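Here the chain labels run A, B, C and D in written order, and each chain numbers its own residues starting at 1.
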Amino acid sequence: MMFDDFQFSSILVSTIRNAPVLMFAAMAGLFAERSGVVDLALEGKMLAAAFVSAAVAYATQNPWFGILAGVGISAAIALLQGFVSITQKGNQLVAGIALNIALSGLTFVLAQFFFMQGGRTPDLGSARLFDIVLPGSDAVAGIPFLGWFYTKLIGGHSALVYLAFALIPLVHWILYHTRFGLRLRAVGENPHAADAAGINVERTRFMAMLCAGVLCSFSGAYLSIVQSGFFLRDMSAGNGYLALTALVFGNWRPLQTALGCLMFGFFAALQVQIEGVVFPGLGKVPGSLIQMIPYVVTVVVLAGLMAKSVAPKAIGVPFVKSR
Amino acid sequence: MQPAVEFQHISKRFGAVQANRDVSFSIAEGSIHGVIGENGAGKSTLMSILYGYYRADSGKLLINGQQHDIRNSHEAIDLGIGMVHQHFMLVENMTVLDNVMLGSEGGFRLQKNRKQLEQQLRDICQRYSLDVDPLDKIEDLSVGVQQRVEILKQIYRSANILILDEPTAVLTVQETASLFAVLRLFKEQGKTIILITHKLQEILDITDEVTVMRAGTVVGSVQTANTNKEQLAELMVGRPIETHLPRAPYAPGETVLDVKGLNLINAQQVSLLKDLNFNIRAGEIVAIAGVSGNGQSELLEVLSGMHLPSSGTVSMQGKPLPFAGRKDADGLPATFRELGIAHVPEDRLRDGVVKNFSVMMNSFLGYQKKLGKAFGLLDYKTILKTCNELLSKFDVRPADPHLRIALLSGGNQQKVVMAREMASSPKLMLVGQPTRGVDIGTIESLHARLLAMRDAGVAILLVSVELEEVRALADRILVMSGGCITGELKVEEFDATRIGLLMGGLHKH
Amino acid sequence: ADPKFAVIYDAGGKFDKSFNQSASEGAERFKKETKIGFMEVQVASDTQTEQVLRNLARKKVDLIASIGFAQAQAVQNVAKEFPATKFVLIDGVAKGDNVSSVLFKEQEGSYLVGVAAAIASKSKKVGFIGGMDIPLIRNFSCGYVQGVKATDAKVEIVQNMVGTTTSAWNDPAKGGELARAQFERGVDVIFAAAGGSGMGTLQAVKEKGKLAIGVDSNQNYMYPGSMLTSMVKRVDQVIYDSFMQMKNGNWKAGVAYKGLKEGGVDWALDKDNRSVVSADMEKRVNAAKQDIISGKVKVVDFRDANKCPV
Amino acid sequence: MNQADLPRWATAFALPLLNLLSALLVAAGVIYLLGESPLESLGILLNAAVFNPEGMGYTLFYATTFIFTGLSVSIAMQAGLFNIGSEGQMYLGGLGLTLVLLAFDASLPTWLLIPLAIAGSAIFGAAWAFLPGYLQAKRGSHVVVTTIMFNFIAASLMNYIIVSFLIPAGEQNTASRVFADSAWLPKLNGILPILGETPLNISFIMALLALLIYGIAVWRTTWGYQLRATGLNQHAAHYAGISISKTIIIAMMISGALAGLASVNSVMGSTHYLGLNFPAGAGFIGIAVALMGRQHPIGILLSSILFGALIQGGFDLSLEKPNIPTETFIFIQGLIILFCGAMENLYAPAISALLKRKEK
């Protein structure tokens, strides 16, 4: 294969398809972590939502019911996580990892119990979420660039993709221009100050966890009822951790975090494209080395450009009214 | 007239510590009421109960004659109670505006309210002569200004009962004066103010009535007009306080520390220390006076090895300190300690102690290398013995070496740090704000120890914002302003007005 | 008494829609026909394999089927300790007088589906998606490439692997994404040898109305109309036969290579892909099959020299 | 109401026990829903993992690996670092010892070969942890993120190395060749025949030794004091003359070395070859072990054994009860970590109230 086979347009489209999984999860993490609760359980919530969404969508043959059920379960788990790390003041890292492990096992066991297909749900078939074709797509499809731009790049994705991108300004607005956002940030930065200002720290954190649960569920639903069309064990495949990385990378700010997600999506797409490409001088780089690209880039970027990321100050610390 | 606040038989205990025991007294409406007492007497605890931060184990709380069970600060705020805490309760990475707004935003969307509030704050600042820009970020502000933000918050929320827990501990004389001006305005408006302070002069200056606490109980309430410093001090401590400490005549030895052309420029290219030149001789106390934030902290950090200077030389007993050829100060303080430099840091909670270590584990922080035996094993038996000696010598309460140091009151933590640094028998002692937030009984004993060290021939550099302290301890006084030394005088020439001018930066070289 | 049987699946698990599943189907067929049951278990690590093997041997199981090359070493160790127990190992070779090692000539079946792909492709670009970059998968891809090139040297092949950890077999989202990326590059027929991740590929292919080739078991039924064919690897048959031989007392140890000739691999043609396989294609693929069986065409095994000739 | 009010026996034994029971109760519910008897299952599990000596041998064999990964995570935590990279460090540690063995197993005598291989695993593990440590210390890059990335990178790198260089020609298995007998770690069943055919080997003794050294180093030495001070308050540590970056880098390298040592048990003690993905999640279980064991040597030992028993017993149970897939035990592991590691105070109020009532 030649170097000219390398298609930039396809990389961009692929980036847009890859990013939502990370974007939902990263925004979920953003709510939790800006409120001071480390959310290592993104992975677990994603899996749970992916399973429940797929199972319910299959049972009802309606993707929207699936998404709704996914929201419910993910929110419930987030509240449980809240109970452990806010009410019980338990170690938030432990809570997160424990939930990930437990849900990785439980989703398999349940999927196996109900469907008997080795921890897989049946194919959703028509109960998958359809791709939206923008009005007038046929008309512009033939036009060079514009056609591609309108029908492939910004059009032809599922509703969840648009929701993911719409979240960026929305989360920004909530965080910086609403009462909830102000309180959320205060609680994550200095809960004692917030408490002294008459804010119920625990309630605010619970609200944040609820947001995190809801957002994270879309990530799971996207995996199972948009990208794959069924649930498979451990299908989150580390995306929850990658989303956290994007969050750190984006300094816990919505716009930068979304950029981080897009960057990961981009490198994943790039990696697919350069597999098997003959580089002048280098020859064919082995696939397993190309798989490293997104991770190496992250490390390099973290070490170089964005060395100083500043976490919310109270992150990981349960709020205890004491010295 | 009905009292604004009435405490009835309030008790509160933390584990083994009875912080408040059957506390009863009342505060008249529209008055300024002082509360004093030694470190750990239970003042902050009592006020925290009033503000809903803690809940009393037993007892009643009456606000304007009505019994209330205040479960959280939200309910306290609803009752018109406001509190300015000992440690500021501000969100550092937010603006003044957002901090004031927090908790009383007036609606879900902030945009419109932000505009309104900004104007309102500018008006308030003008009316009360508070110099604060609502759009500044807290982390960029000096402590004095942060204090004003706390006040601003209370004005905005129109608190009727205002609790101030040691508001003046970090303020300069001028700042204190302007704070008091505001408090007097409040009083004119009929607000009730509760003021906790360790500075008896302030009690005399501004309060109407004062309640004295000791070991969790109230030992008495008196009308301010009918009392004086000595009487209050005796009530507090249970014995008369010596205000004039004896000291040997000034007879300095050879030069211990010699600073030449010292400069410090930070990453933002701001010059924090400008061409400093001074020396300290054995057996003298040199005090640096100045408004905090004028380079004193940085000077201490450089001299203790925590920070590298940009240029200049510092010699210790004739030998230059090993700044040269280093990229950062990582690990440097250890070298400095070996050279005989001890350091009591200004911010003890941040730098001076590891909060989650026990008192014993903190009692050798910085000197851990000295204690390692074979294979670096620590000799806990000796450590414990030494620690117990220090605790009893410095009268740390409670004298429990295994207690987590965070559970000691601020004053007692300070005693532990002082004890540790003094015990290292240094040649040069750097002391930052040694008595900040410390009660007068303790101040007396700490001062006595510093003077004894001086008499024993140790060179001491004291940084303090308290002019009283500077006067009581120093042999020579350097005044700093804007990173420069703006003047030097002997203690005999002490003149508060002149020092005030020098601190303001009106220097003549 | 009836002999006792057991199947040990590797990390992919019984329901991998791939060779583990195929093994389980063979055992089930045996069970249905003979009413003789079997034990089954899935292992997570190489240490566990040995533990289970020993455990089963102690329980006096007569024939243990170990699925997957990762069990080779463990089978060899335990077979030595329990000479009375028989073992059948799929995809790997273990020494021992009581071990039957069965290897498949995946390259031959892959060659056939390569031929089909080259004929079916309109864009003259075909794709391959593997789970992990390991010799077994490279053997699939290498046979496939040989078939494609032999049919039409101008057809290009785009290849991708899903990942480098075990989750590479369980990442349908990535499997689908790789497929879509290959479409963008003009590919219109994809051969997926990626376990569970391949499900995502087949799905994406169905969506975009392109053609996919299944692997291991006959996957044509999954998306009739968009499945060009499947490269079947008859693990089920091997297990079934082996169990039967055991029952009938004519079980034999040794190493067996199962290619087209032995019926170990094949391409699948049934009602589900009838509509997409033209008569010409059927003829040419079957001709290629005959050539391989007769030895006229020799398909290179990647593993012989860890090298692919094209 | 907090732990401080409770006597030591309550916080050290009663609370963890109650939490463990709660986790098992939830697990019992799930097993019941799957259609099996929880009590019978527990019996099978205990028998397979504890009462049966060979089962116990396997339990301890798995525990050995977890002790090392648990120590790896713990030592980093003492310095305030959350090392998620033990998995990758263990993987690389396996490469280190394999390279030594592939090069020398034919030429060197056992007494030299084995220590050399062990050193190889520690060195490779430490080297793999060095960069995240260095970047954290000097560039402030979050060690959590970099170690996660390094896990992925390790997986890719090892895949490349094993597949391209280590598989012997003509072999199917994605693994190196089997090492010569001289490189096999002596098994403990030589001394204790009751253990039967378990792979439990001398690295278990090494693990116990490591626990002891860890305990002494962290709590009894100057170095440990400096490590903990850095972990608890970096400002104070700097003030105390402790070199923060040195402490962080060394802590990470020791952490990596310990993770690397975890590979000794699996590779030299059991499989005798380097297989693809051989750590199989042991690095992540190390996180759970460290958290549940509160970074205390005894805690680490006990929780390692608990996880070893779950793996061993669960495995046997699912063989006997086809309705209970092995994944059930992944779920139970999670539950136990959740209850014992994150909700340690769940029953504190109840116990406290009980004690108060008794006093009166």
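Everything below uses one rule, namely that contacts are C-beta pairs under 8 Å (C-beta built on N, C-alpha and C of every residue); 3 or more make two chains touch, one makes a residue touch a chain.
Only a predicted model underlies this, so the values are computations on that prediction, with no experimental measurement involved.
Engineer: Mind listing the chains that sit against subunit A and also against subunit C?
Structural biologist: Touching subunit A and subunit C alike, sorted by label: D.
Engineer: Determine, using the mean of C-alpha atoms as each chain's centre, which chain is farthest from subunit A.
Structural biologist: B
Engineer: Counting only Cα atoms for the centres, state how far subunit C is from subunit D in Å.
Structural biologist: 35
Engineer: Approximately how many whole Å separate the CA-defined centres of subunit A and subunit B?
Structural biologist: Spacing between the chain centres: roughly 46 Å.
Engineer: Which integer distance in Å separates the CA centroid of subunit B from that of subunit D?
Structural biologist: 46
Engineer: Taking the mean of the C-alpha atoms as each chain's centre, how many Å separate subunit A from subunit D?
Structural biologist: About 29 Å, centre to centre.
Engineer: Of all the residues in subunit B, which ones touch at least 2 other chains?
Structural biologist: 355
Engineer: By residue number and range, which residues of subunit A touch two or more other chains?
Structural biologist: Subunit A, residues with two or more chain partners: 119, 233, 238, 286, 288, 291.
Engineer: By residue number and range, which residues of subunit D touch two or more other chains?
Structural biologist: 152, 156, 159-160, 163
Engineer: Considering every pair of chains, which are in touch?
Structural biologist: Final set of chain pairs in contact is A-B, A-C, A-D, B-D, C-D.
Engineer: In their complex, what parts of subunit A are in touch with subunit C?
Structural biologist: 1, 5, 7, 9-10, 13-14, 17-18, 21, 117-120, 123, 223, 227-230, 232-235, 237-238, 268-269, 272-273, 275-276, 286-288, 291
Engineer: For the complex, give me every residue of subunit A touching subunit D.
Structural biologist: 84-85, 88-95, 97-106, 108-109, 112-113, 119, 233, 238, 241-242, 244-245, 248-249, 286, 288-289, 291-292, 294-296, 298-299, 302-304, 307-309
Engineer: Across the complex, what residues on subunit C touch subunit A?
Structural biologist: My answer: residues 13-16, 21, 133, 156, 158-161, 163-164, 167, 170-174, 176-178, 180-181, 184-185, 196, 199-200, 203, 222.
Engineer: Under the touch definition given earlier, write down the residues of subunit D that touch subunit B in their complex.
Structural biologist: Checking each residue of subunit D against subunit B gives 4-5, 216, 220-223, 225-226, 228-229, 232-233, 235-246.
Engineer: Please output the residues of subunit A touching subunit B within their complex, sorted ascending.
Structural biologist: Subunit A reaches subunit B through residues 177-183, 185-186, 189-190, 192-200, 313, 321, 323.
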